[in-house]
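You will see two complexes here that share subunit A, one where it goes with subunit B and one where it goes with subunit C.
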Partner chain A sequence: MPPSTNTALSLSGVSKHYGKVRALEDLSFSVQEGRFFVLFGPSSVGKTTTLRTIAGLVRPDKGSVHIFGRDKTDAEIAGRGVSMVFQSFALYPHLTVYQNFAYPLVEEKVAKDEIDRRVRETAAMLKLDKKIDRKPNTLSGGEQQRVALGRSLIRRPKILLLDEPLTNLDAKLRHDMRAELKRLHRQFGLTIVYATPDELEALSMGEEIAVMRDGTVVQIGTPDELYEAPQDMYVAGKIGSPHMNMIRGRTAKDRSAVEASFGPLSLSRKIAAEAGEEAVLGIRPNDIRFAAKGEKGLDVSISMLEPLGDVTVVSVAAGQETLRMVLPESAATGLAPGQGASIYLDPKKFHVFRASSGQAIA
Partner chain B sequence: MSNLSDLLEKLGLARKGGVDNAGWGRTLVVAIVSFIYFLPVLMIIFTAFKPQDAALSVPPTLSPTSLFGLIPDQYVFTPTLENFGSVFSRVMTAGGQPEPTGFDRFFFNSIVISSVSVLLALVIGTLASYGFSRYPLKGNDTYLFIILTTRMLPAIVVIIPVILMFRVVGLSGSYLGIIMLYTAFNLAFTIWMMKSFFDELSTDVEDAARIDGSSETKVFFKICLPQVVAGLAATFVFGLILTWNEFLFALLLTGVDTRTVPVAMNQAVSSGGRGTDWTLLASIETLFLIPVFLVTFFLQGHLLRGVTFGTVKR
Partner chain C sequence: MTVRTSPTPISFFAPSADNWKLAIFVGVIATLLATLALPAAAAFWVVGVAAALIAAAFVVNAYRRRYYGGLLVAPAIAVLFVMNIFPLLWSLGLSFFAYQSNQQSIRFVGLQNYVKVLTNDLAAEANWYALINTAMFVVFTVSAQMIVGFLLAMLFAKQFPLRRYLLILVLTPMMLSVVASGVFFTYYYDPTFGILSYVMNNLTGQQFILMDNKVGAVAGIVFADAWMWSPFVMLLVLAGLVSVPKYLYEAAAIDRVSAWRQFWTITFPYIRGLLMLALLFRTIEAFKLADLVILLTKGGNDTMTISYHLIRIANEQNKTSEGAAISYVMLFMVIVLTNLYLYLANRRSQGT
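Take a look at the complex of A and B:
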């Protein structure tokens, strides 16, 4: 089926191997025009290779890359309408800021006065007008970052690829640049593909997130979808902080409960698993609270307290399992390790995964 | 113990730690050592300006000036430029007229042969090293090793087959022959040297240029080459010094018209049967130093400049 016209980018079945190393394996996803799309996953899951494949720096072994409906799998790098910001910024060290900005336009043979106008416009937009005659190595990290961005934007690309652009910046600057990138995205209506290993960046910026593992996409969805309905233990463990509690157990006979080491946990539905099959039950720390008076709770003992200001992360021991729960700071005052407590796990918030494959059970 | 370290610190010979500019004491020590190293060169340069009889006088004459009476008169010589004149023209036979010695030609030969062969090696070697660095062959290291083996034997070992080959193809005594030999001679060094410079560059920068619309040719000329200017300068200077001073190949493979200065120097000094003319030798050597000195001086900025440019955080 050919991708629809407002699909900016689509990859289907893309594989790339370097010798025996599998960089990408049957990778497919598509990005709507104007979307802020995030590739999320730890380092070396193939995020950079994916971006380089889209840019044309890497030719896939199998599969195809369509850009605005056209097959660009084996097309030249130039003329794809794609530009890229590298993790290392990759500024031209021997050229000034002005020349760095001008470079893509010179290569496109844009007229000189037009180049000058656009360079100055871009420099002003990124607040670099006073640094225009400097060489990159005399600029701060944040300024280098903005030069890299400006050089990518000046060509007015249809698709902008960003490879961990904030990784090399300090925390304060990262925060500012996140806002700046969102602003640029809105201002230009650009289609952005953004690779990051940082959960916070992914969730705060991405309109759509593809969680990657071992060179392929595990799940694609909005931040809410990934948080509410992870299709895989891997996704469940990557999205959300503190991480989801994972309780190992077996499916009960009537398939509406999971037998954990500390007793059965009943579910709000029957699950599509065999009776006795090993299952993993996930519950987010936010969905655990102390049992109300008269409510049937699970008896645990408090093992550790981590006050984080407005909330406190409480670790409790239930049988062999350690569960973490997030409580408002007021609810956690007066607690001490070693104390006993009764907690309530909301059955509607349980996520059940197959222990063998890690996939969510319907 | 602490008294000693305090004393050393006061003299600028030691400091409490950390990295800082060296003190006066250390600078002085370095100056003295440098002077000892430079002394032979200085003696040659002074000898070039001495009258012939002062060259081997005992006690030796040490300075062209008495330094306001600081140096006793017996150690002072009166500087003269006469020796430099006789490099190019002098009386060859007793009672005869001064004749041209041909040294203008030999200097011209030295300059042409070394600069052309070093530049050729630089062009070929830079292209080759870029290939080795960016488009490695299967068994890349083996090829690089083989290239290096051309420099593993001393010249004296390979000279006989080279002479025979040059005889057969008629390259003996020609510019082409000696330039080709020196080019080949410099290539191994150039390739290894330039490859290390290209290896240092961030390939992301080149990929950025490709995405910005550059062809492979432009990536090389507009992006890579400007980043290794320091490497080109360093390789050029080292290659030039090696070639400029080369004696053995030049002695056996150049002819009367293509003779280089080191060979001519040897012949000028040992001919005539009057023993070694030290002042003449010293003045040829002094003139011979100048071109390499100038090149090194003008490229010094590039030689000293670092090769990493600080845009990439590794």
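Take a look at the complex of A and C:
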């Protein structure tokens, strides 16, 4: 399916308060048709409320929801063309898999044999054809997940909302289902809005990711954009594993270096900050390596080694700061805590943030 | 902490205070001998003492072997035994004797009481009416309670202002004593100063006596009974309604399912068992209906029930052993009825 330029969904200035609790605050984003859009953030940042607002289960206090260009802010749930998979799956416990699948169709006055055909087709696609007469509580977690998915897909919705659908599955199943979801997305050209607290899920599946904090979006971008150019310390800290190293310091007089506790770190450019202003310098553990011969390195002492198989995470102490670096397993052999070393920090890989607001400095 | 081994198991014949098996054996023998050989008044006490000894043996056994769970439920079991099990067994025994509570003589007659109940009594037309009336009350009161209780539960499952207070108000009739409610209704229905007669009198200009014909009398009793026991059905159904996970309704809303189908496919399966339970409880109770009849009509206008008939035989006519036989026939009917219910309920939940 060729990428479309139609906007499938857009939220603008959506706010929702429950008493004094702020669930959503001035939330805005839009999703192109056919996109796999991920809402990413830890629990209770408003991901579920956002999805429920799109589905119509929640009416926002302020702001508007447009679906394919039409204002659906106060529209009935039924008229939105949106389907949702709940975190709890919400399968109808007294109906069989077949009846669960057929449930959304019966109301639409679809002919009996057409229902039968679509149910069997969906079951076959999700490899549930042998379980079709079973009740949900006799199925495994992964099978229940697939029933929930199938029930949402059978109606051929324009937009599919997925609320942490893989959280209740074990690691192996989660891996399989990620691939399955990507395949379904491609096959049907669906617009998917997917909420997850899992960084790996967000990065591996999302074509576009909205990082959420306190009921609002901090940054929207492709996985690469979020990784390469985080606009906020919060985003920088959430994306990438192990987490980005954050070095506190002050902007030097010529604004092209940051004075850390262990000495100045020069930057590849002048930054738009006052001289002496507190700044945070971020560098990813993958962007730190041992200094080559003749290179001007930073003298540190090794404090901890975490071998992870193919790579080793090495923690080093520089002044009051502890930095983590990821080395190939071969480069880490022979190291021991307490040893001295010289490391090289590439100025091109620095991310500079304002300490007061957390925002990236241009 | 020291681990103490429990006392070794005692042999059956050891005359020890914790030998409950021997106590039961001796108790049963003593009961049989006493009921056959002694006059009823004396046998009653012998059986009572035998039961107390068996209970004591159980308690001592539980204490010595540290079955503290058993000790803790012992008072409840004792009350159950004194109030329910002993009278039940005693009346079963009585039903095989010719005995009247206002006379000393007692004589073993075997199944004669039952023969009399199932031939003479059933031959009498009045008793058939009592039986038919009972069946009629069961059908009317239970269906009224089920419908009203169910609708009330549907109402109270929703949130609305003052819900908590209204709920307490609705539950009050169930907690009132039957006699108190019965007296309320005698006042409501009173031909001279009752509110119902007053309203009807103003509307039609004629004196209105609800209880002066069978339809009115039955309606009055059914209304009072439904008023008292609908809250009970409501409480059970409400428990079921509250237990339905909210997300199922949300999922159904997203699946664009109509309210009617949501009820039958989501709500109803959750309350079916409880509806069945309410039906069972209320049917058993309705089968025993006597109190409201006594309070409102005294059995007049052909509102006699089998239970009221039993009270008259056993208490007012002092035919104690005959009454016992009737109650066992009734018990048998209730057991058949409830098992029929349970059989149908199980078959429905297993089928499809």
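Things worth noting here:
Throughout what follows, the second predicted complex is superposed on the first by the 357 of 362 C-alpha atoms of A that agree within 3 Å, B and C clash if a C-alpha of one lies under 4 Å from a C-alpha of the other, contacts with A are read in each partner's own complex, and residues count from 1 in each chain.
Simple rule for what comes next: a contact is a pair of C-beta atoms (placed from the backbone, for glycine too) under 8 Å apart; a residue touches a chain by one contact, two chains touch by 3 or more.
Since this is a predicted model, take the numbers as computed values, not measurements.
With both complexes brought onto subunit A, simultaneous placement of subunit B and subunit C is prevented by a clash. Once the two complexes are overlaid on the shared chain, A:136 sits against subunit B while remaining clear of subunit C.
Residue contacts after overlaying the shared chain place A:155 against subunit B and subunit C alike.
When both complexes are overlaid on chain A, the residue A:104 reaches subunit B and subunit C alike.
Counting the residues of subunit A touched by each of subunit B and subunit C gives the higher count for B.
Residue contacts after overlaying the shared chain place A:55 against subunit B and subunit C alike.
In the superposed pair of complexes, A:90 makes contact with subunit B and with subunit C alike. In the superposed model, A:235 lies in contact with neither subunit B nor subunit C. In the superposition on chain A, contact is made by A:168 with subunit B only, not with subunit C. It is stretch 272-280 of subunit C, out of 20-28, 200-208 or 272-280, that runs into subunit B when the two complexes are superposed.
The interface of subunit A with subunit B overlaps its interface with subunit C at residues 55-57, 77-78, 82-84, 86, 88, 90, 92-94, 103-104, 107-108, 151, 155. Residues 55-57, 77-78, 82-84, 86, 88, 90, 92-95, 99, 103-104, 106-108, 151, 155 of subunit A are the ones touching subunit C in the complex. Considering their complex, residues 202, 204-205, 207-214, 218, 223, 226-227, 229, 309-313 of subunit B touch subunit A.
Against subunit A, the residues of subunit C that register as touching in their complex are 245, 247-248, 250-258, 261, 265-266, 269. If you check the complex, the residues on subunit A that touch subunit B are 52, 55-57, 77-78, 82-84, 86-94, 103-104, 107-108, 136-137, 141, 144, 151, 155, 168.
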